[in-house]
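Pasting the structures in now, so scroll down.
In what comes next, subunit A is part of two complexes: it sits with subunit B in the first one and with subunit C in the second one.
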Partner chain A sequence: MNVDAPALKVTDLTVRYEDADRRALDEVSLEVVPGEILGILGPTGAGKSTLLQCLAGVIPHHEHSAATRGDIAIFGRPIAEFASLSEITETVGLVMQDPEVQLVNTVVREELVWGMENRGIPVPEIEQRLQRAAELFDIAGLLDRFTHALSGGEKQRVVVASIFCLSPKIMLLDEPTSELDPAGTESVMDAIRVLADEGVTVVVVEHKIEELAVYADRLVAMREGRIEAVGTPREVLEGPAAQDRPQVLDIALQLRAQGLWHDELPLSVPAAVTSWHAMTTDSHLDRTLT
Partner chain B sequence: MNGTMLYRPGDSILHRADPRAKIAVIVVVLILALTTTRIDVLVALTVAVVVGLAVLARITPVSYAKALVLIVPLILLLTLLQSLVQSGAAIATIGGVSLSQAGVLLGLGIGMRLFAMGICFYGFSVTTSPSDIALALNKVGVPYKFAYLTSFAFRFLPLLQDEARTLLTAMAVRGSAESSSRHPLRRGRAIVRMLFPMLAGSMKRSGDIALSMELRGYNLPGTRTFYRTLTFRTSDALLLVGLVLLAGLLVGMQWYLPAPFTEGA
Partner chain C sequence: MNTSDAVIEIDNVEHIYGGTTKALAGVSLTIRRGEFVAIIGKNGSGKTTLAKHFNGLLKPTNTPGAVRLHTKDGRTIDTRNSRLHELASTVGYVFQNPDRQIFHDTCREELEYGPRNLGADDEALARKVSETLELVGLEGREEANPVHLSRGERQRLAIASTLVMGCDVAVIDEPTTGQDRAESRKILDSLAHHHARGQTIVIISHDMALVAEYATRVIAMRKGHVLTDGPPAEVFSQREVLQETNIRPPQAAVLGAELGLRGVLTVTDAVREMRDALHRSPSRPLNKVG
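Moving on, here comes the complex of A and B:
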């Protein structure tokens, strides 16, 4: 593993599923640097999940029916050089969309330790990682619960935590907060931020654009298997390729069009409040001075 | 845990017992049930299992009443069939049809065996955590990959139950009177109709589950660690001593006591 190389490097990746009338991914090229949170946006069918599956090695190591062309390198090592999916999972962790199919044990505690046991991690270290995951994902109270009895949001947090326990260098998350309420979403996104700060590379597919705008370092906008824009959240969301924007940004754009917003466009409600406060205070000051 | 055969946490003697000791109990009960032909020995074995579960695990027949509703008619049907097809002295004649005594004993014997073994398995599954079952099987020599599948099956029983419930509800809200009917035949028709989509859903899901397991190292070669450990305590040894005594008593019964009827089973 070359630590100086990009965590993930995708070059001209093209994927076509058997019997599909168009390419799921079309000449996709992308680089993800270590410790970065990369958010992937796009409507249904844009190829986001397919891209994640390719990055995790699921295509072609597990899903054989898709025809692929192009290259992916994980820390400089071509994915084709990995002997099996299991070998890739030592570096890359994938959280899929449906938590139900990823909970394969009856009790939450067993669910979290199962992957670590499979890897032969010593028990004291398992215990440490378990406690850390329980704290980070706020699931300490769930450890002795049955997995089938959890709510959708709780299942999602347990699934993300179970992959976190494996300490992958790269975490790929496919809509990890789709069943979470706003507080749960914030808790998971905070945990993701902590992971990135510790050097873990995170690629997250998410429809909650408000969250991505705040937490992601860079965004990728996809449509029909192609990348339409890559850049900082501001560059992508303010640009013409953005198919969807945070509501607060839309409002600010409309106000700017009417000449009512002069400050930097906000990507989040707190940023909007700060800008609004600054603008209104300035105008109050202007009126006072005149 | 919902569902009749699924693990229910508790603090009874059997809940706390080492699963290996419980597996030994099951094996001995199976051997006793399948090797005796005496109805009195089978009755004694069944009573021992029922009383044992009530005392050691606080599992009374009320807990498995639903299963009894299915098992008892099955035993009666088996007995009736055997009494009609077996030859020998008649125990009764109804409307000109003779019911063979040997057939009645044979049918009751088969029923008792099924009952004793079924209730024994029930007691084991409701008092033993699925992961402990896998661990115990592994400790007695079953490779972990196969042992784990028992635990895995218990995980997905509730999932199938939920899916079945969802499909029946979906059928009901779209106007299917059968899916919400209490009539067993109509309800049965709805269940048959639901089976195909449930199977199709399970097949689709199985691929994702296999992937998810692989992503977490299920197929990795090398040594696996075990977070939980099993401890064989004095109480487990006592359980086995009790089991040996019971087995000795029943074998002695078979050898030294005269058969109460003609040997039936």
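Moving on, here comes the complex of A and C:
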């Protein structure tokens, strides 16, 4: 593993599913920097989940009905050189869209420990990771619950925690908060931020644009198998490739179009309030209204 | 309140799961014909448990608790001692995970199943199936296999299979989970279309922006109780109350409140009020307005 290389480097990746009328991914190229949170946006059918499955090696190792072309390198090592899917999973953890697909044990604690035991991790370390996972993802109270009796949001937190327990250098998350309420979403995003600050690389597909705008370091906007824009959240969300924007940004853009917003475009409510107060001082008003 | 408009009456309902977990702690409320109700609240607040009482999927666990439905032909039925088909033809329920209820190989068969059980005749049914598919944006997909649809499309198929029944009330648990903005709008627009034609709609949702825009009444739940209940503008203005259950009003509403602007619920409201504020007070800092 070359730690100076990009965590993930995708070159001209093309995927077509059997019987599909178009390519799921069409010449996609992308670099993911170690330790960043990269958010992937795009409407249904943009190729977001397909991209994550390729990055995790699920395509082509497990899903054979897709024809692929192009290259992926994980920390500089071509994915084709990995002997198996399980070797890839030592570096890359994937949280799939539907948590139920990934829950295999009956009790939450077993679910978290299972993967670590399979890896032969020493018991004291298993204990440590379990405790950290419980703390980070706020599931200490769920450890002895049956997995089938959890709510959708609880299942999602357990699945993300179980992948965290394997301590992957790269975490790929496919809509990890779709069934969580705002507080739950924020706590998962906070945990992801903590992990990224510790050097874990995170690629997250998410429709919750208001959270992504604040938590992601960079965003990728996809559409119909192609990447339409890559950049900071402000660059991407301000541009035409964004299908959805935080409401405050929408408001500011509309006011700017009417010549009424001169400050930096906001990505959060506090930023919008600060800008508004700055703009509504007399000097700004003179410029605005004369 | 005009009681003759009542369609679902929830009277002092408690629900305790497994003898220990109190999911509903004495709820009384009335759903009236023609309402578009959104039930909001954090995970585990009792939203789904409440909604499942609306058509007898769950029954009150306390003896005085009762759920009564007022049918179109003027009868009042108690969900405790009614026939399933009677309940199902009054209140339709769409589950959070569409894959739990889709079981046919084509969209057409999926939609025909319910009405056929109630004795619908073939020709009228075929027309109705096509109409309903069109309403949810799945026009021409009659013969498609649901497994080939995207998650969002399957969600719309599940909603269509309830709407096609022509129930008095359609209850939809999280209609937009995991959907992109365009798709979410498509779903809410199709519900709004049915609502405009007199359909009573109840949704459970975490998407406050859509709730603010589409619902005529918002019921906020907390720990098995109704925390607050009223028109969206009224409910979302009670920020301290909502804080207790981690609900965040839409960004536009929060921004409006922070800037002291009245009646802001949506992006359109915010742009209008902010523009007016700028024009109204050209000579002094606007943060002192209001």
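The rule we apply is simple: the second predicted complex is superposed on the first by the 280 of 290 C-alpha atoms of A that agree within 3 Å, B and C clash if a C-alpha of one lies under 4 Å from a C-alpha of the other, contacts with A are read in each partner's own complex, and residues count from 1 in each chain.
In this section, contacts are C-beta pairs under 8 Å (C-beta built on N, C-alpha and C of every residue); 3 or more make two chains touch, one makes a residue touch a chain.
Values in this document were obtained by computation on a predicted structure and should not be read as measured data.
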| item | value |
| --- | --- |
| Touched partner set for A:E210, first subunit B, second subunit C, both or neither | second |
| First, second, both or neither for A:G42, with subunit B first and subunit C second | second |
| First (subunit B), second (subunit C), both or neither touched by A:I251 | second |
| Partner chain in contact with A:V58 - subunit B first, subunit C second, else both or neither | first |
| Touching partner for A:G115 - first (subunit B), second (subunit C), both, neither | first |
| Touched partner set for A:S178, first subunit B, second subunit C, both or neither | second |
| Partner chain in contact with A:L94 - subunit B first, subunit C second, else both or neither | first |
| First, second, both or neither for A:H148, with subunit B first and subunit C second | first |
| Common interface positions of subunit A, toward subunit B and toward subunit C | 98, 100 |
| Subunit C - residues contacting subunit A, complex | 41-44, 96-97, 99, 150-153, 174, 177-183, 206, 209, 246-248, 250-252, 254-255, 258-259, 267, 270-271, 274-275, 278-279, 282-287 |
| Touching residues (chain side subunit B, partner subunit A) in the complex | 1, 7, 129-131, 151-152, 154-155, 158-159, 162, 205, 208-209, 211-220, 222-228 |
| Residues of subunit A that touch subunit B when the two form their complex | 56, 58, 62, 84-86, 89, 93-94, 96, 98, 100-107, 110, 113-123, 126-127, 146-149, 162-163, 166 |
| Subunit A residues touching subunit C - in the complex, by the definition given at the top | 42-45, 97-98, 100, 151-154, 175, 178-184, 207, 209-210, 243-244, 246-248, 250-251, 254-255, 258, 260, 269, 272-273, 276-277, 280-282, 285, 288-289 |
